[in-house]
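What follows is chain A paired twice: with chain B in the first complex and chain C in the second.
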Partner chain A sequence: MATVELQHVTKRFGDVLAVNDLNLKIKDQEFLVFVGPSGCGKTTALRMVAGLEQQSGGNIYIGDRLVNDVAPKDRDIAMVFQNYALYPHMNVEQNLAFGLKLRHVGKAEIKRRIDGAAQILALGHLLKRRPRELSGGQRQRVAVGRAIVREPAAFLMDEPLSNLDAKLRIQTRAEIQKLHQRIRTTTIYVTHDQVEAMTMGERIAVMHDGILQQLDTPEALYERPANLFVAGFIGSPAMNFFKGKIVGTPDAPLVDVGLFSVAVPSPQRAAASRALGSEVVYGVRPEHMFVRDGSSPEGVTVEAKVEVVEYLGYEEQVYCSLDSTSFNVRLPAQMRTHVGGRIPLTIPKDRGHVFDAKTEQALAA
Partner chain B sequence: MASTDLVVGDFAIEHAPGHRMRRFFSSAAFWLTIGAFLLFAVFPVYWMFVTTFKQINDLYSLDENPLIFNLAPTLEHVQFLWDQTRYPTWLVNTVEIGVFTVIITLLVSIPAAYALARSRFPGSGTLGIGIFLTYLIPPTLLFLPLSQIVVGLGLINTRWSLVLVYPTFTIPFCTWLLMGFFRGVPREMTEAARVDGCSRLGALFRVVLPVSLPGILTVVIFAFTLTMQEYVYALTFVSEQTEKTVTLGVSADLIRGDVFAWSSLMAGALIISVPVAIAYNFFLDTFVKGITGGAVK
Partner chain C sequence: MARASSERVMPAEAGRERASAAAPVPIVSRIGGAVGQLFEHEWVFGYTMIAPAILYIVLLVAYPFFVALRFTVTSASVSEPIASFVGLRNFVDIWNDDIFRRALINTFVFTISSQVIQAFLGTILAFLLLRPFRGRRVVRALFIIPFTVPVAIGAITWSWMLNPQYSVLNWVGSHIGLFPAPGPNWLGEEQLAMISVIVVNVWRGLPFTTILLMAGITAVPQEIIEAAALDAAGFFRRWNDIIVPIIAPILFIALLFSFVSQFTDMTVVWLLTRGNPVNTTHVLASYAFEVGIVSGDLGRGAAISLFLFPVLLVAAIVMLRYLKSQQLD
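Showing the complex of A and B:
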């Protein structure tokens, strides 16, 4: 068990800056998720922690130890790979024991740890099988088991669920969470799937173009995205954005997007007062808009034209347009929205987010 | 039109025989082609076999069917080869040269192929191609400079000259072949081993080599056969009876002027090719995989 700290870590591949001045500290026993689109530098960052990639600059600490020049085998970490990377010439038991034998762990201790991992992961009946005789889900569990038996300072997981089918992925997602609650080993988990990040991470590091965009809890990322990228990346379907301008008075600033004006949400009001007249982007999540009825919260209401309706059973996703601007909303399924019709949509006054159009950063609270 | 499977009723039944006929012809063409190739490939081996065991009178008789035994088969030519020539010594020499060459080849080719397959260093691609190009220079050109080296080292007229020279063509070939096998081992597997506790070299020995074992066995067999069938270097560097290889020995000692000891020649060739043919048979699939490996991933 240990903390993992990255200080000003940079990685260059030729002219490409894959990771740019990454600073973060993973707490002891924490489950931290790196998330971002492909090519954002999240896997490179993980591989630098593992020692499989040498950083171009900066320092990496595991516990109190500076590991910049420490070989992967001496970093006391265990890694789970996307394609599991099991050793095909060994059976499950030998796969699990491999790392322990290399570390000269005693026979009795190896057996104890393998039995423990086999019990946690339900691998007992598979110990004598070769990897090719296992299903994808079983292989995935062996890969996790190989990490557990090592009892390392930290687990590094590189998209370990992306080779599983959708149903198994959700099930295994829960199993990995349960496992972490049980053994509390510091874990860094890389994924491109924001749902996986939101459901699993205690904290999430959102990366884009090699730069850490925001490091926070899932709630904070959802409620207070630091910039346009995070706002658009977290949440599905993505947040709707409208270009506009800050108008009104310092006491009651408004965002005027042309089609409608809406009050600046209260946490950002002070910042908006200082920025009267500046160009901004107003964002509101599809699930935060309502069809107006008697009980609707206070806000601004617009008449939107329904373009496409995707019925999902429990709700429907409705693609609307307002003049030439299109956006989408999530509505209860019983609304029975009709394509081509018009619906009165209320944007509640405090659910929006205001971003500076130039810097793309959220207006500071 | 007749081949439409979706058609139902009389129409389809009416056309079914035509369909069957066409299938018969296409499969007949397939087997005829295969048969022709098979005949082409197997006939020399069969000829070698019957010639080995035919009595001389049978072999030279022009009146009988030359493809079958018209007189009882005999072992006398094998006996002659074994007792009256140095064939057993040549056989031992050939195996000995093969074994040493294979060992040298593996010692050089495995690290070279692994480095070329896995590490990215300046010029690694060019180096890989360069190694293969050396294989393309024919021995008939190379034997002149190589003979200078062999003489200089005092190895002329010994089988050790061949142990020294044969790796010049087995190493490029086997390095190239092994690169294919090593590229087929997922990179993550070696990375997992390195995280698990291996050094880079440890990962090669504990994971990559065991996983590539079929490939390495294939390389062993091919390097061995390459040395076994070599003729030009053996002819130019070795003239001592007791140092000769099979290819050199049989052709030098069983052909006297224009007199060919056909049956013993064939026996000499048959004895050495049968084990190899069997070995090839087992490893041909992995051999093909080694050549195409990495290309189709």
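Showing the complex of A and C:
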């Protein structure tokens, strides 16, 4: 059990800056997720913590120990790889025991740990099998088991679910969460899948172009995205954006996007009043818009044209247009929206987000 | 099966199309059509396709092999090709021949030491050449040269470098004070000659061994190596416990082929020493050539060259069996 801290960590590959001045501290027992599109530097960051890549600058601490020059094997971490990286010529038991034997753990202790891991991960009946005789999900469990038996200060997981099919991925996602609740080992988990990040992370570090965009709880990322990238990346389908301008009075600033004007949400009102006349981007999530009826919350209502309807059973995803601007909304399935028709959509007063068009940062709350 | 049948259909259709296209049918097309019809039968097409391979094996491998096998039990010679049956006398003769026994020992010394040295140096070189460094491409390209130079040219170059009068090695060696001039007579003394032959053979075979090992090492997924590193496996553990077992199938095939080919190879020996000094560097293949072709004693030559055949056959079967049982993924 330990904290992991990165201070001004940078990684260059030739001219490419893969990780740019990364600062963050993972708390003891925390489950922290690095998320971002491919090439954003999340895996590189993880590999630097593991010691598989040497950082070009900055310091990495595991616990209180500076590990910059510590070999991977001496960092007291265990890693779960995307392709599991099981030793193909060893059976499950040998795979689990290999690292322990090399660390001169006693035979009885090895057996105790393997039995423990096998019980947690339901591997008992597979111990004598070789990796090629296992299904994808079983291999994945062995890979996790190999990390567990080491009893390390921290787990590093590099997209461990991405090779599983959709159904198994959701199931295994829950199993990893249960596992973490049970053994509480500090975990850094890398994924490109924002749903995985939102469901698993206690805190999430959103990365883009090697830069940490926002480090926060899932709720905060969803409710208060720090910039346009986070706003667009978190949530599915993605947030709708409209270009506009701050108008109105300092007491009641509005965003004018041309097609409609909407009040600046209250948390951002103060900042907006200082920025009257500036170019902004107004964002609103598809699930926050409603078809107007008597009980609709206060807001602005627009007449949108329905272009495409994707019926999902429990809801509909509706692609709409307003003049030449497209956006989408999530509506209850019983709406039975018709393609080509027009619907009155309400954008609730306080559900929007305002971003500076130039800096792409959210207007300060 | 599906592929064979689609191939089978193609020429037939092509033939038919051409035949029906115009009124005066050219003779070539008519033949094409007839052949196409014939190829409609899967067995005709199949055997036609495989015929060149069968002809090659029968005429150039099987027939000479059985002729040689017959020679071993006859007194055939260049002057007396129609020979009489002599039973195992050729084998008794060669067994009582000191040069043969020396050649037999030499064959093992030559093969095993070449293999061991190649494997050892090849492993080191493979790891070195896999590491990124400035100019790696150039070094890799240069390194391949011994493998691409025709053996004869390479060996002749070496024979000049090892020549007692013109040796560049001796010139350099005596000038920097390694040994007094004129220096060792590399190809003229028993042990030195054997060492020289082995060195040149290693020089020739090393690039291939190294490339093979590089291919093997690269075939091991990087993640597995990294997992082993995190599991506290140092360089030798990773090599010994992870990489070698994973690439064992490749290694075994490579080992099998190079053992068999080394046991039956005479090129370097023949080009460098012709078995001299005083027949002390002969291997079985070169001695068989000397006795059977140069001296014309076909019976004994065949007996020498086939002496190790049963051993090689058994070794090959055992290794291929082992290989099958070891298949991983």
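One rule holds in what follows: the second predicted complex is superposed on the first by the 365 of 365 C-alpha atoms of A that agree within 3 Å, B and C clash if a C-alpha of one lies under 4 Å from a C-alpha of the other, contacts with A are read in each partner's own complex, and residues count from 1 in each chain.
The working rule: a contact is a pair of C-beta atoms (placed from the backbone, for glycine too) under 8 Å apart; a residue touches a chain by one contact, two chains touch by 3 or more.
On a predicted model such as this, the values are computed, not experimentally measured, just so you know.
Partners chain B and chain C, brought together by superposition on chain A, clash. In the superposed model, A:A2 lies in contact with neither chain B nor chain C. In the superposed pair of complexes, A:P88 makes contact with chain B and with chain C alike. Look at A:R132: by the touch rule set out above, it reaches chain C but stays clear of chain B.
Of the two partner chains placed by superposition, chain B and chain C are both touched by A:L102.
In the overlay built on the shared chain, the residue A:K73 is in contact with chain B and with chain C. By the touch criterion defined above, A:A50 reaches both chain B and chain C.
After overlaying the two complexes on the shared chain, residue contacts for A:A231 are found with neither chain B nor chain C. Residue overlap on chain A between the chain B contacts of one complex and the chain C contacts of the other covers 50, 52, 71-73, 77-79, 81-83, 85-89, 98-99, 102-103, 146.
Of all residues in chain A, those touching chain B in their complex are 50-52, 71-73, 75, 77-79, 81-83, 85-89, 98-99, 102-103, 146, 150.
Interface residues of chain A, counted against chain C in their complex, comprise 50, 52, 71-73, 77-79, 81-89, 98-99, 102-103, 130, 132, 146.
Within the complex formed with chain A, the chain C residues making contact are 221, 223-224, 226-233, 237, 241-242, 245-246, 248, 328-329.
Against chain A, in their complex, chain B makes its touches with residues 186, 188-189, 191-199, 202, 206-207, 210-211, 213.
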